[in-house]
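In the two complexes below, chain A is the common chain; its partner is chain B in one and chain C in the other.
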Partner chain A sequence: MTSTHYLDQFLFAILPYMVLITFLPVTIQRYRARGFTYSSLSSQFLENQQHFWSLVPFHYGILVITAGHIAAFFLPQQLLAWNAKPVRLYVLEISALIFAILSLVGLCAALVRRFTTSKVRRVTTTRDWILFGLLAVQIASGIGVAIFHPWGSSWFAATLTPYLWSLVRLNPNLAAVSAMPWLVKFHIVNAYLVIGYFPFTRLVHVLVIPNPYLWRKPQVVRWYRRPAEAAPKA
Partner chain B sequence: MARRKRRGSLFLGRKKISRPLCVITYVLLAAGAGRAQEAADFFRQNCVSCHTVGGGRLTGPDLKNVTARKDREWLIEFLQSPQAMMDKGDPYALKLQQEARGVVMPTISGMSKERAQALLAMLDAESKLPKSQFAGMQISDRPFTAYDVAQGAAIFRGDRGLANGGPACLSCHTVKSVSEFGGGRLGPDLTRVYERLQGRKNMAAWLFAPATPTMSSVFRQHALKPEEILPLVAFFEDAARRGGQDESAARLNFFLLGLGGAILGLVAMDAAWKRRFRNVRRALVESARRRER
Partner chain C sequence: MNVRSQVAMVFHLDKCIGCHTCSIACKNIWTDRPGTEYMWWNNVETKPGTGFPTQWEDQEKYSGGWEVRDGKLQLKSTSKEKTVFNIFHNPHMPTMDDYYEPWTYDYQHLFDAPEGPDQPTARPISMVTGELIQIQAGPNWDDDLGGSPVYAQNDPNLKGLTPDQQQQLFAVERLVFFYFPRICNHCLNPACVAACPSGALYKRGEDGIVLVDQNRCRGWRACVAACPYKKMFYNWNTGKSEKCILCFPRLETGQAPACFHSCVGRIRYLGNVLYDASRIEEVAKLPDEQLVEGHRSLILDPHDPEVIYEARKNGIHDSVIETAQRSPVYQFVKVWKIALPPHIEYRTMPMLFYVPPMAPVMANRDAGAVNGVSGDLFHDIEQSRVPMKFLANLFGAGHEAKVRYALRKQKAVRWYRRALTVGDVEMSVAERMLREADSSPEEAEAIYRLTSLCTFEDRFVIPPMHREEAIQMLEDPLAHKQSVGFGFTTGPRRGM
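After this line comes the complex of A and B, so read on.
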């Protein structure tokens, strides 16, 4: 047994459970004890010029990339079937890279805005800076993996999805993950850190966005005012 | 009383065997068979890419009658840590390395003294058989055709799916000039793998039971079929002969396409939210100016 072996055991078989044990109870406890802190703590009101270039690219980018990772976890065979044709594989990989770059651009814009706008900087806590740092490292390492170790959409489905499912089954199988290049391991470990840090940050807002909009019945909204064309002329 | 005695015993020919003894014998036989099967499975997963039993030499020696060639204690020590034996300067270990053209047998994960003993017992039993189950994959000696190479390329790229559902080689490996953006870079570049593994027999043995942790974890469940291995070997032989161009340009093109797409995305977002609220004061000034006009 080498020190690398013990390190792998800790990072890929123990850390994920430590993270989950933190994530679930703290998320629930925070909602029960301090439900009003479940907010993105938007600073749009303080500065609205640069805000667009951080908000929109980051959110569209990160949502698509996260959805891709979740799809690879739940539907690995379907993903491999899609990637069976090289053209389709390239389309998927280039699309994923586009959204990853968009999310990095958005995050960089957010960092610049928080550094340069004094009002926004004043409302940014140390906890926020740590979160931004973790997210920046996560997205940058993901882009690095996409460029230096392609084609992740295929090999993730073939090697890391079974590893993640082995964690779910409480029987960690580190055979594939132990042999991964250091950049891939770094990306995975940082993802665990983000999940572990999640309940202490403003990231919790993803759990309380108006999710019922997706399945509730449509509502007719009526404004209590006259239409513009019918309004009396001054 | 007599009936009770008969119930508690079995008759084998004229000999009477008590039932407890029978059960113990059965349990011991079952445990022995289980150990042998476990050793065979372990050998299949970790050893057959470099060794056969009666099928001739691959990267490592043919292990038929290995315990007759070298004493058991030495073999058990070597199996547990081949590199340590090399480092000690053991003459027989160094001879094996020389015969393998410098390749050092890796330390196999999960190899213990008990497992090494079980493996040697299994090798003894396999050596006595007319044909061992580990005689190795028999790949045809016929010259490869252009059709074999084309089929191998189709399997490598993924155009022809693997029968057992394994991922295409392109997911993790590249071979120079194989496609527009090249192959994957998780595993090594396979352009010269045919030369590295020294020919079709070793190449076929490797593909039959890949030994690296990543490959074995994937292909243990999705083994390649013999009819897929031959065209792949043909493809790798052809790739080694042809060589190819450096693929760094393909990687740069991939990145530039991603960057270009992201810039287009930003332009599209700006256009989609053209009438977004930008500033309280600017909106007030613009509406005042409009009123003035």
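After this line comes the complex of A and C, so read on.
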């Protein structure tokens, strides 16, 4: 047993559960008891031009990248099958890299905007700065992994997906993750930190994306004296 | 028929003196918190003028309200599909620059300034950043500036006026302006509600007041863009939208809203009307020239036994039907037809109506005597200083007929009262004017009384809200005995 071994144990077998233990109860309790604090906390009202050029690329970039990670977690077989042909692998990796760079550029632009526009700086808390720092590090290290340890879409599905599932089964198997290069390990640990920090930040707004809007009726009427289902809609 | 009750309003512009007491009453109660300083849920604009936010009526710029596209009623600023793609950046969102940057003054400096050759001054400080600022504009920057090439000439309502008419508005010694106080219209077809991705905005079923559920608002900002009257405001501090709540805590205890209560000119009337909710969409799709009449037709006769029957069936309390029968709004809008909705072409079906102003019309005669009655008794309304087309753009979706009707009737009432009290007008002439204005001495007397001699009780016929019953259905009052009220137990603060 080396000290590295203990460190790996902590970072990859204990830390994930620690962050989950924070993430789940805090997120739920915050939603239930302090629903008011769930907001996008948009600053578009204070600055409109740079807002477009930073927030739009950042959000589209990060959404696609996150979706890719989730797909690799749930559909590793399909992903490997797709990557079986090199051309398809290159297309996937290059487009993923483009979206990652898009989100990093967007985030950097957003940071510059927050720092240089005095009105927007006024509504930026220390907690926001820490979060933006974590996110920037996360995206930058992800891009680093993509460049220095390419074809991640394949090796992630083959090695890290089993590791993550072993966490889900409450029987952590660190064999694959211990052998990873330090940059990959760093990316994973930072991801855990982001998840652990998530419920205390503005990030919670991703949980309240307004999907019911797509199928609800345009007008909303609330009645006190009638049950909601009996109320005729305008 | 789907009968509902709505607290509706009338502002009598002929009586507004532009004192802003309403705005101050509202500001002191509701919008003096951090993040709301720039908001004026109630504001008073000078017309012609650019208004607040600047040129809010220019929907090519702001994209507010509804339009009929492909035979369907659709929001100008957004749609279900667009909401998905515009959620990160709303393309029609106004910024603080369209309103103004709120400020205070560095009063402390007056006390702390070191001894020097000059008197210390209190310099303006931004209420957003706390830094010293150069004041660029304020909420009433165009106050009283009728005739100004910067403000009045950029009024979006000048669209469609002939160059002659426009010239007339700006000619020296013929300058004219009137006041246009505005609050949320608590529309029947609110664009803000329809645009809200979170479903946080809603219309109260019992009284039609439009509110934002602060716990469900996520700050997607779609409502701010969608409201064509720009009466949705984004609180930059809490990250939530806010709006006029028609002082519902006051209404529920039988008091008029603060802006109504404090109105010096007594221009504001409030009362509930019964309306047919099943026809809203049909009416909102009518062509422009039929909108005013269609909107009026939504309001039902509270004396009609069939309406009363349907109202009761919908759970409307008898006491609420009774106040609807005494509502001053019903008189102005439906019986006398002299109160008109603002910018009905936005198709939100506003429930705040305006009696168009007479004063500048009467002052038009430049040949001296006002009582120079000619064969055409109304000719000076046609040649008024405020062109009819301008008022029509505000209150008639660009069509003059309804505005002309309202002004003719008001003028006839004046002449009738003049014949009675001053006596320099022949009563036969006054009665002929009343006939031609589709009125009668009885009606003129009623209009006169509700316009000039109105008491609190005449102006504000507040329906009992029966909220005590409503609360009992949700909460056990006994369980809350000796506690400090229901609901919100945390203060509104930004983020966690």
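In this text, the second predicted complex is superposed on the first by the 212 of 234 C-alpha atoms of A that agree within 3 Å, B and C clash if a C-alpha of one lies under 4 Å from a C-alpha of the other, contacts with A are read in each partner's own complex, and residues count from 1 in each chain.
In this section, contacts are C-beta pairs under 8 Å (C-beta built on N, C-alpha and C of every residue); 3 or more make two chains touch, one makes a residue touch a chain.
Everything numeric here is computed off the predicted structure, so don't read it as measured data.
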Partner chain in contact with A:L80 - chain B first, chain C second, else both or neither: first
Which superposed partner A:V56 touches (first chain B, second chain C, both, neither): both
Partner chain(s) touched by A:H69 [first = chain B, second = chain C, both, neither]: neither
Touching partner for A:L46 - first (chain B), second (chain C), both, neither: second
Touching partner for A:Y38 - first (chain B), second (chain C), both, neither: second
Chain B versus chain C as contact partner of A:S118, first or second or both or neither: second
Chain B versus chain C as contact partner of A:A175, first or second or both or neither: first
First (chain B), second (chain C), both or neither touched by A:I94: first
Footprint overlap on chain A, where chain B in one structure and chain C in the other make contact: 48, 52, 56, 60
Residue ranges of chain B touching chain A (in the complex, touch as defined): 157-159, 161, 165-168, 170-172, 179-186, 212-214, 216-218, 251, 254-255, 257-259, 261-262, 265-266, 269, 273, 276-279
Chain C contact footprint on chain A (complex, rising order): 30, 33-48, 51-52, 55-56, 59-60, 118-119, 121-123, 125, 127, 200-202, 204-205, 208-210, 212-214, 216, 218-226, 231-232, 234
Residue ranges of chain A in contact with chain B within the complex: 48-49, 52-53, 56-57, 60, 77, 80, 83-86, 89-90, 93-95, 97-102, 105, 146-152, 154-155, 157-159, 162, 173, 175-176, 178-181, 184
Touching residues (chain side chain C, partner chain A) in the complex: 2, 80, 83-84, 87-90, 93-96, 101, 126, 128-131, 188-190, 193-194, 196-199, 201-206, 214-221, 224, 234, 236-240, 277-278, 280-281, 315, 466-467, 469-471, 473-474, 490, 492-496
